[in-house]
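Next, two complexes with chain A in common: one pairs it with chain B, the other with chain C.
So, the complex of A and B:
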């Protein structure tokens, strides 16, 4: 992506060139973190723990895949965190309070995500509101709307043991003697599909172009309104998928009014993975790696006995470091 | 310096709360403190009350509302029961309290989300001559004379009850263990009064019981709990109480905390001090499958109810849980409000709690306090 000029032996390596420096670095960080936590804690290096790291990363991964598109256009989508909870509340409400089949709940969750994505798209692309403000607004709307749907009460999707619990098998298979993080297959499929979409299709390339220079893209005859809106619609739908993953992985009840802050985990994942906040560059695969850095930290730090406040400090420092790398990279290019 | 002062204050408060801890009834309930007689309350007029709750996020609040409504109907008084969207909407709640004061009711019930955000409004209510009855959690820093009574679970005593029930099962296991044993405590946070006291009540009681059996005890993990518990930290203790508090209240982080505890070789028990922690224990256990009542399993004990926790208690994943008595709490609030409006002398009421396991959760007495 970035290292066309000169570079050294490392950056000139064909493999590094193909994958991108930052992604290689992030991958190394993941490996180092994993090795470190495994050496420090015997509990961490167990198979069920590793499966749990995967399990708990799905919903952030899906949100992050979606929001990467908004970031690439130079925007942002803050509504995905509270939105994800809101959509899952709606789906759970249909199932538990209205007695509808799970599949209807799943479709409802996705549809509401799609709807919110469309609203964000209209606000940002058509009405030209600043994405930060527009999605800050819809973030609040989603939070309140979730409470209204359920009458302010929390909702629990059907338990794995119940008849309706089959949807949990979409993300994790957990039978005596068989524990598989199948949700990761979905994550990989979507990463591949959305990577191809972003890099190999016309709409994807337009989304990147809008992030590099919206005016130039418009002048070259591209319908920028349409493709900018598309980025937010993608983000909304993926927040819907995240809502389903969340409901499937966690047995906990979903409480209205929560979810604020989860969008930042997803955005941080995308940034660590090499997507630029200023737009025009980014990769879905990088985003997945970035999310795993966050997940590794969140799961690993408690195992080495680090208390809550230190966990936040370390996660914050890693984010700053990642953005710093991005800044240096841009400076070199300029 | 500031920390020391705070811990000194807390220690004093704790000693004070110890003195008022009610005697435990044999069947596993803390009995309502008998300082105020709520048995024959009558309303002198058809009063109207404003009640500001913490919202309706948890079914728990529906049960409080039910108890309050029934008692209001019985006494012939009316009420307007409101609450914010979520338990983090502190500013909304203050706004609701202000509206309640402006409505000039005979008295106001308040379950404060923040112990100090309401102080200005409370002063106003006091100036307007409207008595306030706190419920669910107290308002320790309230202007003097504004809050005339509190109806709440004595959370410290509730934590102690959990510890006693847990220790009955653990006693022999601790004695038989060759090395150290670890008892995990999961707290949603280290700031809210109810969560912290439930944790400290449990920690102190376990330590007391284990020490009485001749074991050494230490507390490690979250600084706040380590500092405020009555246990002196020691090396090489037989019983290690390990307190985990997540950096944010999310299902993911609390489930990870639970797994961290489950993965330690010497863990024999985990206690979660509210619904959030209890549900995180169920999630965290799913992949590890270590919770249960068997000799080689980790005993899970928690607080509150809800579909997930009830199911886990029923199928044996969790050994038991403490439930508060929200229906009784709702009724007590109305009683206290009525007495205050009558101009009668009122005081704090412990609305009690109950211990339930798979064996007794169907009893009507307990079932009415278990919500989905």
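So, the complex of A and C:
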């Protein structure tokens, strides 16, 4: 029988097996990157820099958790980058221009994400458009819609010092003498919840099954339209959560028309973490590790003198490399 | 003779432009294996899809356990105990065996899935079938045969009373087929009604009790297997007599020159020190069990997969074949076992497919010379008797046999002298099969040489002048057609060196 049992002493180690080879490798990459930047730059070794790595990790993490579900179905959601900015603009608009309480702004941000997720879900699962094209379209829609809401103006969520600034404490406690990246707690909570959801509930199981073999899943009596749409709805809601994290962590104003390309950080993170572009397998915990590679680079590269343009080139190259590794892995399986 | 458990009567079903089922009757009995036979397109699959609720019938009645029923979808049918084991395995390779078996009806522990319990239940099912499969193994890591066992386990877990096997043996090795038959007999003896759809006549004789034959969407008749001969069944299927007589002597003259010589070819795990010669005008059959390395040998020879060592001589000259382009240049054509993936471009016309390997000869500067292309395509449509309304017809609209002819035309246009036919009649119905055989005989009579890889014993014995038998990547036997018997070939095919 050709039941493939391969591997070596490392991959057969029970601990390595339980966690997964790729995750351990990614963890090592994170450690190496951190060591590299620390050696290269004295500024990087400081506590505020580490907090800034976390700052970058929140919104990428939330987008990545969401998009992991789309990737597992064999699809993708490109609308999360401009979407996240659009939802945050909408929430900020409700608070600063309409004078609504912050909680309404937060709910508005989430609702708009949910709505966009539903639209993507209908386009992909019901109307059966290719996910790449459908979400490329909604990516443009989100970008334009964000500008229209605010009349083309930037929006600033209330500052930490203001009366309405409490929401910033959800992600970052920044008082004189006290700087805490508390947003990471939320990330961990959502990683655990969504991991459980993916691996231990019916909807999660069906999302994996759809990515592995959609027709077989359908013939097993599973409502594939519903669960495929659910993946996009999850992605939309998490883009909303990402929008809140983004607004809470960065004190600068949010400009309409931005956000394009941020989805690639999230998608790269998910793929680095072992989620396959071809669907059927993925891990939320792996995605979190992959995101830390991305946010480590985002915050570390400026310290070795590589500014925004270089960061984009490096993000692009890493995305290509991650997908290449995924392609090779699949080739081995076939 | 068991009591009737399920009856389909006067089932009628039309699709736009096609009358797929014309008042078909079918009767399934407890404790009996019923063969459902017919050429491709006879309506077997459609009938089973109507039964399990994938299609809605236009008229007719289905009676199951004394009540008239109509299943709304496969899930309803499953729940009632009517289950299909599909031809294309419906597996989620990324999920475990147990997760696959219980997909859609997971055992829950509150809101969470209870995987431990599912693994235990799956293990119990395998115990009942007397097979050893680890329920926690990923489905993708199992062989096709094992995957099929999982499908059967899944069917049983539904408390199936009627199990339909849709060409279950197509991808199985001989030993796996025996294992499958053991299970089917066991299920039959437990009182289940079994429908067995297959093209393989030998299997029908071995495993089934009755045979129902369909043709062109209509019910033709039902025979008792024991009381009928192969020819009886085939006559009902095609309405014309097909001869399956084996070849008794080689048609190749003793002094025919060697056109292809392969020496100690090695490529990966599946091709080990393979050597053979092919003579002008010869059909050299490659026999062996699934996974013997025959296709891998052909692919390495053709340059489709890298080879590690070995020499290839064409007409006495050593040649270096690094990729398929080199092979084609040296006059080798390869007709893949997987036509749709490697043989033809289904969305293109007959003419475009015919000239695909010879594009350069059909251009005026950068433009394709449509007239010249059509003329040559037309010539081969006529000489190969390809059934197509015109050379502009898209290949996707042709039957399997006629698609195969288009692939042959492609290599003939390229003027290939050595043709490798890999499972030339897989998925082709009985009538078209004999046309392909006829064509192959004409090709060798005209001086071409053919390597034919086939998993069908009757095909090997009927077509080959000489037979190479492989097992686990090695040549384990070379048998002239005069001495060839099924027993000798099987003996060599199981000879592990």
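By our rule, the second predicted complex is superposed on the first by the 316 of 334 C-alpha atoms of A that agree within 3 Å, B and C clash if a C-alpha of one lies under 4 Å from a C-alpha of the other, contacts with A are read in each partner's own complex, and residues count from 1 in each chain.
The rule is simple: contacts are C-beta pairs under 8 Å (C-beta built on N, C-alpha and C of every residue); 3 or more make two chains touch, one makes a residue touch a chain.
Please read all numbers here as calculations on a predicted model, not as lab measurements.
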| item | value |
| --- | --- |
| When chain B and chain C are modelled together on chain A, clash or fit | fit |
| Which superposed partner A:56 touches (first chain B, second chain C, both, neither) | first |
| Partner chain(s) touched by A:217 [first = chain B, second = chain C, both, neither] | second |
| Cα-centre angle that chain B and chain C span when viewed from chain A, reported as a multiple of 10 degrees | 130 |
| More chain A residues in contact - chain B or chain C | B |
| Touched partner set for A:330, first chain B, second chain C, both or neither | neither |
| Contacts of A:208 with chain B and chain C, given as first, second, both or neither | second |
| First (chain B), second (chain C), both or neither touched by A:200 | second |
| Touching partner for A:98 - first (chain B), second (chain C), both, neither | neither |
| Lowest inter-chain C-alpha distance for chain C and chain B in the superposed arrangement, angstrom | 34 |
| Common ground on chain A, meaning residues reached by chain C in one complex and by chain B in the other | none |
| In the complex with chain B, residue positions of chain A that touch it | 41-44, 46, 48-49, 51-52, 55-56, 143-144, 147, 151-154, 156, 159-161, 172, 174, 179, 246, 249-253, 255-258, 261-262, 298-299, 302-303, 307-309, 311-312 |
| Of all residues in chain A, those that touch chain C in their complex | 1-5, 196, 200-202, 205-206, 208-209, 211-213, 215-217, 219-222, 280-281, 333 |
| Touching residues on chain B, where the partner in the complex is chain A | 55-59, 62, 83, 85-89, 221-223, 244-253, 255-257, 259-260, 262-265, 275-276, 279-280, 282-284, 286-289, 306-308, 311, 315, 372 |
| Of all residues in chain C, those that touch chain A in their complex | 73-75, 78, 86, 90-95, 99, 103-106, 108, 111-113, 115, 137, 140-143, 146, 291 |
